[in-house]
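Next up: some structures, all given as structure tokens.
Across the two complexes that follow, subunit A remains constant while its partner is subunit B and subsequently subunit C.
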Partner chain A sequence: MRNPLADVSIPVLDDLVESDYVRSLIVGTVGVLGALLVLGTLFPDSVAGDLSGIVFSTSTAASTARLAAPIVLAGLGGIFAEKSGVINIGLEGLLIISAFASVYVASVVGIGNAVLGVPAIWVGFLAGIAASTALAAVFGIVCIEFKADQIIAGLAVWLIALGLAPFMSTVFFGGVNTPNLGARVSWRYSAVMVVVATLASWWALNRTAFGKHLRAAGENPKALDTVGVSVSKVRHAGVLLSGVLSGVGGSALALSIGQFVGSGETMVQGKGFIAIVAYLFGNYNPLGTLGAGVLFAGLDAIQIRLQQLGYAIPDTLVQTIPYVVVILVLALVGRTRLPEAAGEHYETED
Partner chain B sequence: MNPAVHMDGITKRFPGVVANDDVDLAVERGSVHALLGENGAGKTTLMNVLYGLYEPTEGTVFLDGEPQSFRSPRDAIDAGVGMIHQHFMLVDPMTVWENVVLGNEPKTWGGLRVDREAAREAVVDLSERYGFDVDPDARIEDVSVGVQQRVEILKALYRGADVLILDEPTAVLTPQEVEDLYGVFEELTDQGKTIIFISHKLGEALSAADEITVLRDGVNVGTVASEDVTREELAEMMVGREVLMEPATTPQEPGERVLEATDVRAEDDRGVEAVSGISFEVRAGEVFGIAGVDGNGQSQLVEAITGMREPTDGSITYLGEPMAGESRREHIDRGMAFIPEDRQERGLVMSYDLTENGILGSQHDPPFAEGGRLDWRASRDHAESVIEQYDVRPPNADAEAESLSGGNQQKFIVGREFERDPELVVAMHPTRGVDIGSTEFLHDRLLELRAEGKAVLLVSSKLDEVQGLSDRLAVIHDGEFTGVVDPATVTEEEIGLLMAGETLDGDSVEGAAVHDAVGEAEAAGTDDGDAGVDA
Partner chain C sequence: MSRSDAGSDDAGESDRLPSIARRVVAPFVDRTVAERLVISVAAILLSIVVGFAIVLVSGRVAQCGTAAWTMPLTGIGFCYDPVEVYLVLFNGALGYPFAVGEPGLFNPNWTPFNLSLGLTLSETTLLIFTGLSVAVAFRAGLFNIGTQGQLVVGALATALTVLAAAPFLPEGPVAGVALIVVGTLAGAVGGGFWGAIPGALKAYADANEVITTIMLNFIAANIAYVLVLEVFRAEGSSVVATEYVPEHARFLPWFFPESSDFALLALLVGFGFIGGLYYLVEHTSFGYDLRTSGVQAAAAEYGGVNAKATTVRAMTLSGAIGGVGGAVWVLMSEGRWLESVPALGFDGITVSILAGNNPLGVLPAAFLFGLLKGGALEIGFRTDVPTELVGVLRGLIILFVAMPEFFRMAGRYAGLGSRGPRGPDAGGSGETEPADDAAAVEGGEADA
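Let's turn to the complex of A and B:
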């Protein structure tokens, strides 16, 4: 199927994004937003007017950034793991554990206090990253050294975090939800972290030797081994990066509210799984993942605002959009291609 | 002057096995050296010692007279030894230059950026210097196997290799690509590189190497200059006894018609017509051979005959009854044995043991099937009798198929199929990848079947095999028979022309493509006589 958007040529973008597919995603999104802005400005009293009012409001931008941070950051992490050959479906678990750990540590330090000059909320932020990275390290060791099934180990990461975080919350705070810290991390920090992480990931994957090694480890690990680069080191690095990035996402999610919510699916609510959808949708390109993550989060944010304006849109329907979209993309466009050796263990010969 | 490579008294023992026993090998700088031997003769072990994958139990490796002790391939690479494995170590979706520099990327910006310009330039320089026609920006998955092999060679050269070891380099190449590879060898040796290649094909060693060392059972049988030795002498060195390069056939009166194909047409998996109206018959007590360059419709024709592909047109009659469109099981039940071209894909279940593999195709029939259960005792007896009669090694019915070498897998399949007591045997490349000794044995068995009055349809890309065994020989080109000839009187040149799509009275079937195709056919012609894996 020929994709007409792939032919639209934009000089800077062409240089930055090698994939036609990702380029057409970006062009398409910008196009829709542009049309909405024009229609909304011309007919301010119509549905388009309401919509454009919502889409281009600061509060929507803020909630989009807040919702997109965990999706995009965990998605970037997922790219690093999966490119190296380890499918990490435990991203959800990494988000949950970091969300809880960040709030817990921040409250232990106590808002208003500081450790080595770092304010409590940022100490909590770093602790969230550390917790997620530690859990990812365990996942990596289990998968790479002990050759466990990656899918089962990934599910275990999710289930452990899903059980552990609310349990710890009950132990320390007497309920599955923690009390609110009374302080929060501004959505502007989340937005900056998302953009910086996306660009840095793009560079790391496409321009550094490490990126090449990562790709070789996921496509043909033997080729990497025979040129003298350790496949398991590269894979551990990929999995650890998925822990670090998911940790940033989970901390940002919880601290942007100042509270960990542990009831039901916890406050993460499947964002780790949508992150997987986002990077598949973005075809393993960080820029595409950013686009997909912002799109999914934006739809969610718009939906919430529309409800407030009295449009009766079922939120469950909006939440299925990412999954429906990914099925359509995988089935119709079929551009997403898993790394050849993803999910396979590698054993050095001799 | 010291030889580029000197391996002195190399012995390599594995628990229970001596893979190399006091082997000496000396290779002069700028020469091509072939390491020839049957499967399991110890060629690869010896090269793995040179490449640092194994440490020798005894003996020393010298490079340019300097003793070396390699602990890993890394050491060998640093000392200037590069190995090109039989299965390429390339990353398919990455480009040529990315693959060449993988693991040794030139970097800028304090290591934060791969210096793409420098890497590309290095690759372009190398390929120009050695006359390789390689596009540095092409993706590996988009280039031919021959080009991929050159990328592997570039990888070794980029890492500073002076000595290049190639493991069975022609196994995956077309005849034309083999010629190109020989050209690459010349370019490399002209510039002082030394080449050692592993092979079990006589013709290849004779035409590409300056010197040939023959290994047998881990021992160096001798090193000879390729000009001073004949094919027969080499075969004898490899096998340890005289080998009949030409199977002995005796004339025989063919009997009744067993298989008759009339105007058969069939498509390949992409829906393109691959067989375009082929008619022939095979009689009892006759071997009907089909020769041709691989990929000219042989596979689809054989699949149509054996019930694995429905022909789009035409009729196939077997023992007087129409067979086109009948199920695969029907074909087996009526006594049609089939030796498929890909033994691992279609001949065996690799994770089954030989007992289980031995009853494949007969699993519905007594004595193996008995009221809904399988009789494993009978199955095991059957497998053991095949193993014994066909000399399958190791002789263990509990061994999984994947643990056997290719030649032994093939012997087991041939044994299983022949033991069905078939009326017709359809054999496709029956000796591909099989060593010379076993090839001779399998040929004898085919001729025995013929003597018993069975019909044999033999498809092979090895010209000497089809020519030597067949009573009548058809040549296939682009889905059509370009001629049916008497193999006793036809010359190799004539078959070459037919394989290229010309007819013997001088008409060209396909004018434009003839030149290249002739080259390929000739390459295939000189290549025959090899008991090895073909393209």
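Let's turn to the complex of A and C:
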């Protein structure tokens, strides 16, 4: 199906965004926001006026950054894993485990204390990253060394984290929700980390030898093996990076509130799955992933503000929009192409 | 599908399977039933071993007055007693048929119709339906993560249909049977419709069913919630729920206590579904289409199977079974549609994976997870260990089931599988079964 927006050309971005698909997404988003701004300025008393007031307000920006951080960062991680040939459907589990570990370690260190000059909350942040990376390492070993099925192992990672985090929370704090730390990481840090991670990921994937190896491991592992690079090592690196990035996302999510909520689907609430959707939506491009993640998070943030202004839209319906959009895009705009060898095991012929 | 054709025209790689879902299915189809069984049992044992370690470690960090368990030889005290945890888990889930610490092996006061076993069997019954739902899709090479959404839609359809039809029928057993049949059919239609959507998207728009079914789960939960909140909410109800369906339109708990929410009839219906689906998948032409398109879509297409139609049919059937699961949930467990539907659909994935996607295997797998569920409640009553432990065990079982190569390696390492090279495609031979099993667990302990 031909996409009518694909022909629009943006000179500045052309260099960065090679895919027509990503470009049309960006143009579409910018177009909608622009139209909203114009309408809102022309008719300040209408719904559009309210809406543009919300969309372009600082508090919306803050909650968007807070909500987008786990989605975008886990999505970036998912790109690294999947580009290397390991489909990581366990991003949700990595977010859950890092969210809990960050709050737990921060509370063990004690807010106000510091380890080696690092304040407790940032020690917690690093611990969250470490926990997520460790779980990703297990996932990598299981998938690459023991040739486990990636989708099922990914589901297992999610289920294990979904059980383990509330379990540990009950062991340590006597309930599935941890007490509030009384300190939090400002949304500005989250925003900066998201942008930095996006640009760094783009650079690593497209401008470094590692990025080339990563893509080769996913597209044509035999060729990579032939030139003397270990496919297993590259894939392990990809999976570990997905753990690191998801860890940043999970820590940012929990520490931006200062608490881990472990009831039901935990505070992560499917953001790991939305992350998968975000990078598929962005066609494995970090910038596209950023766009999709901000779009989903922004819709959520706007919805929260709309409730506060008294628009009687059931919030659950607004939360449904991203999911419907994803299905429509998958059905109409076309599928995204998986790396050729994603999901397959690679046997070295020594 | 066209992409997969291009991928598989390599003569040397005829076994290379195209989509993710087909790769997922391949190991289950290639392996023999015996080896699958061994790996499932080994995975359960290994996860019990790892769970033992987790209970010990968390018992070391938890705060308590007196040690519940002291490690032999070392004298180190632990807050939680892992032996007791497992005794309570499995014994308690059955209603304590075994007398622990008393003279005699069996508890003389035990009857099979107790509350705990009722709860366990109630969960088993529900998991049979969701497990079958996932298994049918799996066999067609489709990874239906959307059973949860199909169950939610089916459950709502059942509740609303029965509520709407009940006033037109006189109270009584005949009307009850009619309402149950109509309600279950409504659940099947609702779930089938919700399953047909990702099937059609997969067949005609090439949209990955893993993604679309995950999305449709969220959509189903949200839409059902809003519908009940805004339109169908029972008056004066503190939670978001529909009215209760009339008593006579529910599955009755014949022998079991009413609070166990278990009806023997529903379990028998589940048995019927297991047998029916086994026959359908293994012995009918539709089942043949289903399996061949699951194993090798291009070959199936060449052999005259309409792969697109099969995809839609398989997903519709899968969704319909999930919807029946929703109907049973409403008519047996809750008596109404209620927000926060339990994650039966997701558990169905774990049941199906453990069962090797074989309809007959769904029964023991569903019973095992039913035991875990029933035992979790007992753990909550009788021990200080958080019941979330059971969730961890569930995840571990799935993780270990997913890595058959690990058990083969462990078997080889122990010198038991060294009779010949056993590639990933070589099925396990029957005679090494018990030995393999034991070796796998030993290997696992060393690893953990």
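Throughout what follows, the second predicted complex is superposed on the first by the 348 of 350 C-alpha atoms of A that agree within 3 Å, B and C clash if a C-alpha of one lies under 4 Å from a C-alpha of the other, contacts with A are read in each partner's own complex, and residues count from 1 in each chain.
Keep this in mind: a contact is a pair of C-beta atoms (placed from the backbone, for glycine too) under 8 Å apart; a residue touches a chain by one contact, two chains touch by 3 or more.
Everything numeric in this text was worked out from a predicted model, so none of it was measured.
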Field: subunit C versus subunit B on the shared subunit A, clash or fit after superposition
entry: fit
From subunit A, separation angle of subunit B and subunit C (C-alpha centres, steps of 10 degrees): 70
- prompt: In the superposed arrangement, does A:101 touch subunit B (first), subunit C (second), both or neither?
  reply: neither
- prompt: Looking at the overlay, does A:160 come into contact with subunit B only (first), subunit C only (second), both, or neither?
  reply: second
Task: Identify the partner contact of A:219: answer first if only subunit B is touched, second if only subunit C is, both if each is, neither if none is.
output: first
Task: Quick one: classify A:264 as touching subunit B (first), subunit C (second), both or neither.
output: second
Task: Determine, under the contact definition given at the top, whether A:170 touches first (subunit B), second (subunit C), both, or neither.
output: second
- prompt: Of subunit B and subunit C, which one touches more of subunit A's residues?
  reply: C
- request: Quick one: classify A:340 as touching subunit B (first), subunit C (second), both or neither.
  value: both
Message: Per the contact definition in the header, classify A:227: touching subunit B only (first), subunit C only (second), both, or neither.
response: first
- prompt: Nearest CA pair across subunit B and subunit C in the overlay: distance in Å?
  reply: 7
Field: subunit A residues contacted in one complex by subunit B, in the other by subunit C
entry: 337, 340
- line: Per the touch rule above, subunit A residues touching subunit B in the complex are 203, 207-209, 212-213, 215-216, 219-220, 222-224, 226-229, 337, 340, 350
- request: Using the touch definition up top, name the residues of subunit C that touch subunit A in the complex.
  value: 3, 7, 16, 20, 23-24, 27, 54, 58, 61-62, 143, 201, 205-208, 210-212, 214-216, 218-219, 222-223, 225-226, 229-230, 340, 346, 349-350, 353, 386, 388-396, 398-399, 401-406, 409, 424
- prompt: Hey, which residues of subunit B end up touching subunit A in the complex?
  reply: 53-54, 73-74, 77, 85, 89-94, 98-99, 102-105, 107, 111-114, 155, 159
Field: Of all residues in subunit A, those that touch subunit C in their complex
entry: 87, 89, 142, 146-149, 151-153, 155-164, 166-168, 170-172, 176, 264, 270, 273, 276-277, 280, 314, 316-317, 319-320, 323-324, 326-327, 330-332, 335, 337-338, 340, 342-345
